[in-house]
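Presented sequentially are two complexes of subunit A, the first with subunit B as partner and the second with subunit C.
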Partner chain A sequence: MAGAQPVARRFGAVLPLLKGVVVLAAVLLAVELLVIAFDIRPYVLPRPSAVLEAILRTPAAYRDAMVRTGLETLLGFGAGALFGIWIGIAFSRLRFLRETIFPIFIVSQTIPVIAFGALVVMWFGNTILAKAVIVFYLTFFPVTVNALLGMRAVDEKQVQLLRSFGASDREIMRKLRFPTALPHIFVALRIASALGLAGAVVGEWFGDTTGLGVLLLQGMYAENMVAIWASILCSAVLGVAFFAAIGLAEKRIVFWGGESA
Partner chain B sequence: MKRRSFLSTLGLAASTAMLAAPAVQAADLESVSLRLKWLPQAQFVGFYMAKAKGYYEDEGLDLAINPGGPNLLTENLVATGADTFGLSGGTDSVFAAIEKGLPITCIGISHQETPFVFVSKADGPVQEIADFKDASITTWFTGANYVLFGMLAANDIDRTDMNIQPQQVSVTPFVDGQVDVVTATRYNEYYTLMQRVGEENLKRFVPEDFGVSFPRDTLIVGNDFAAEHPELVQGFMRASVKGWLDAFADKEAAIDLIMKEAPTLERPHQEFMLDEVEKIMLAGAAAEQGLFTIDMDAVSSAHQILVDYDVLGGPIDLEAAFDSQFIDAIPSAERLPE
Partner chain C sequence: MNMPMTHPSTMEPAMTPAEEPILDLRRLSKTFGEVQALNGVDLAVQPGEFVTVVGPSGCGKSTLFNIVAGLEEPDAGSVLRFEGQSVHARQLLGQVSFMPQRDLLLAWRNVIDNAILPLEIEGANKAEARAEAQRMLPEFGLAGFADKYPHELSGGMRQRVALMRTFMFKRDLMLLDEPFGALDALTRTMMQRWLLDVWQKHKRTVLFITHDVDEAIFLGDKVLVMTARPGAIKLSRKVDLPRPRGADLVTSPEFISLKRELLDAIEEESMKTFGPASH
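Let's look at the complex of A and B:
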């Protein structure tokens, strides 16, 4: 079976995405059958095929919305992840910082995003930056917490061993502490990606023209169930894509197998 | 504003220097914006029409149309100068803004009569206004509730022990029979109700029939801008009126325009919305005087309700808050469909 190994590995890499798509398709099919079988009224739950049809009727509108919301999430998530990892490491090294700044972070996270969102839009206007800031706000915290946790999960005996070989603090960080923290960080990234997407959608409820949040709002206003579900479905696809991308990155980066392997 | 006029002077100088004739016109346009009260839909199509046909440009305006949203207050955005013009909530939100001291003025009223109605089922327990007493009622606690209170008071119904609940996004509780009376805008929720219950099974209670009126969808402008550029405000009104008349004259084109702006909307619903909005915009005083008429009688009646219910701390200066000069400068004949 040695020859099958690389193929299996390559397949393993796209497996999360494939799995997501298959599961989504199966759920949609099940719902379709349920709606037909129990004769559920369309304004309670529309048939998934009607939802798909609505998307296909105006594909450009849904594509633009997904691109826009995806971009907002990506920008905010990228910044949040980098900042979270960086500050998490800083917290683990500097006790003073941890004791002064960390409580502020915790307080910041108790503010509901919907309240915070209004503020952000007043500060940054109706720009993509405003949405990215909201996404950032939702993503950096779980990453910070898990990065800190990961940094502390290091076995002190291993640190001492490396030190006995004459390794510097920097080398210990690069070769031991950071790699040990990585699986923890990836757990947080998965959580943060879903949170960030929600943040981007909510951020669009403050006077924007494109995005899944806007389509959702328009659907809700007219009580158009099909339109509401169409934007939910697009959000789900986007969420699965983000989740899968992180899984893929994790497989590559944490190749030795971390928590979730 | 100073910087803006400096920039336009600069632009003028630059274009004169270049002697490029087509560029001169573009440089002369004043950049302004109109903030709507909600996302693009047929309710606002006249403004999109005026923009598409270049009516604003003809008046020297480079107008950007900014959509609204659930958490945006148009009055605030216009007062801070973030937007030049606004189509705001209604007379009620203008009163509230003036009371807070925001430097805005209403220069036209779009919806001449109350755009929402109270709806019961034709075969249900609520057949006349007196039946409201024992009914379960939902309404929006953002202004519509005072219209309801006003209707009840005008008919000597004591509302203190009535069951009036805040209405959520959906009309489903009414459709399912958990609620006897629901509030619906004539152009949106009523359409949903017609789709689900059927128009013949619905009974409408129109505020105007009970002596209460609440004009809504008010056009506002910042006081500084109006003082500095009265001719541009005048031009904005002229172009907007023309856009709306065009939209009414060619509804097919108007709906095409809005569907291009927001392709996921349902076309039949938008067509219904435009028909209803046309009726509301040409009702009352506007039937004689034309679009965007400020009917001070209707305004003061709405004002009185809010004073009576202590929503306003006291009477506000209506003459200062509502300025008819811009709309009245356009002859009525030019503000009415042919």
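Let's look at the complex of A and C:
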């Protein structure tokens, strides 16, 4: 009885992931059948089985690429999320900062990441740090905006209640504003994870030796359709994994469903 | 008519009029820009007293409470005395236990952790506060609900958690702003009787806002009627009905005649707001 509920709960968390895998398998099978049925040429659209085969032929190359790109994303995303939350808190508390720095942030986001990428590679060289910086640049902004939004969405009556208990601004931030902002922050984290992965892949185009972006580029130069699709598939798996991890964390942390009332 | 109140013997000895009021407001006014919300409120609450405030809607009741809770400063010239000292409203922050109309529970805290919120802010030991809250649960009809979250509770239960939070913030003066306003009639009656029980046990001073005259008489030692905006005290009536009070009280002749008098006063004030427009 006591053990039954946690097991059920764990299964409940895995269930959406399981459904996703099943749906993905079904889609791949459908594509496979379509390619065969309409006799589509491999250089237009290769059969999924051929793509999987290519991955299985050199698994180490794809694994290394995924680890590398995953690490770049994770580093940049982690730093971007923390910085975004931190600066969001600072903006919500200090009007001066909000009015001076925030517009600069917005302008910074109008620079296309491609233009920015060239600069970053000049600064940091062909290192993992360069990609992490690009991911960071793409990640922190949505997190900042949503953290700020979330903290300002707080119920003023709740603020008054805490003040009537004698709470300081810092306590109100910790016990009320930050938890209120959490659901908003998670929305941003989901968006940022997809953006961040794209940033890491694109970042590798500016020069690197491993990574999914590198594999994509090599496939393109070699006009190897199967290799391109294999890289795309690996990117998708990585993207889904990030998204699912954030979703899982959200379920545990924002268990009340994000409604403050 | 100045006989001591008829508290049961468990209460403190009956107070004498000479005793210093815990809260004493004189010529209290509050203006927001062009709008005058309060105009010369005079009000004194004795320690241990249960004072109810009724008035037409928009008469500045909530403004009055916000001032006493320390959230708003009154206009210059107002006198605000608390426990014998002349104070600024902001000095009352953390001194008065305030319960607003809505429960305002924090969605990410369970019943116990919502109830101990004010103690946590005071810097109390969390484990001890939780243990104390655990002991208080049955009295508030929340036994077995310690680990529930607000979204799992009914409106009446949420309100009881909010009341428990207010009681756990042990201050001599409690401000309750229409705590039962959003509840259905039956739940409300049960909560009123229950509140009287809890109040008699904890010996707190209560200032209670309501727009329900029955509720005001049923609960109060004294009922204050406010004027239409700008708010002031129009009428103050002692309620010399015996305690503990039961459900049958509301049909007694004394209750009815008092209700008549208070309703007349409120209606007169409501007419000032609505009268000219309706003719």
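Criterion: the second predicted complex is superposed on the first by the 250 of 261 C-alpha atoms of A that agree within 3 Å, B and C clash if a C-alpha of one lies under 4 Å from a C-alpha of the other, contacts with A are read in each partner's own complex, and residues count from 1 in each chain.
Criterion: a residue touches a chain if its C-beta (ideal position, glycine included) is under 8 Å from a C-beta of that chain, and two chains touch if they have at least 3 such contacts.
Just so we're clear, the structure is a prediction, and the values are computed from it rather than from any experiment.
Visitor: Judging by the criteria at the top, classify the pair subunit B and subunit C on subunit A as clash or fit.
Guide: With subunit A aligned, subunit B clears subunit C, so fit.
Visitor: Does subunit B (first) or subunit C (second) touch A:161, or do both, or does neither?
Guide: The second partner, subunit C, only.
Visitor: After superposition on the shared chain, which partner residues are touched by A:223: those of subunit B (first), subunit C (second), both, or neither?
Guide: first
Visitor: Does subunit B (first) or subunit C (second) touch A:257, or do both, or does neither?
Guide: Second partner only, subunit C.
Visitor: Return the chain, subunit B or subunit C, that is in touch with more residues of subunit A.
Guide: B
Visitor: Of the partners subunit B and subunit C, which touch A:205 in the superposed model: first, second, both, neither?
Guide: A:205: touches subunit B, not subunit C.
Visitor: Pick one for A:176: touches subunit B only (first), subunit C only (second), both, or neither.
Guide: second
Visitor: Which holds for A:215: it touches subunit B only (first), subunit C only (second), both, or neither?
Guide: first
Visitor: In the combined three-chain superposition, what is the angle centred on subunit A between subunit B and subunit C, taking C-alpha centres, to the nearest 10 degrees?
Guide: About 160 degrees between subunit B and subunit C, seen from subunit A.
Visitor: First (subunit B), second (subunit C), both or neither: which does A:54 touch?
Guide: The first partner, subunit B, only.
Visitor: Quote the smallest CA-to-CA distance from subunit B to subunit C in the superposed model, rounded to whole Å.
Guide: Nearest C-alpha atoms of the two chains are 49 Å apart.
Visitor: Quick check on the complex: what are the subunit B residues that touch subunit A?
Guide: So the residues of subunit B in touch with subunit A come to 35, 38-41, 66-72, 82, 169-172, 175, 188-189, 191-192, 196, 262-266, 269.
Visitor: Can you name the residues of subunit A that touch subunit B in the complex?
Guide: Contact set of subunit A toward subunit B: 43, 54, 58, 60-62, 114, 117-118, 121, 125-126, 205-209, 214-215, 217-224, 227, 230.
Visitor: Report the residues of subunit C in contact with subunit A in the complex, numbered from low to high.
Guide: 66, 69-71, 93-96, 98, 100, 102, 104, 106-108, 117-118, 120-122, 149-151, 169
Visitor: Per the contact definition, I'd like the list of subunit A residues that touch subunit C in the complex.
Guide: 155, 157-158, 160-167, 171, 175-176, 179, 182, 254-257, 259-261
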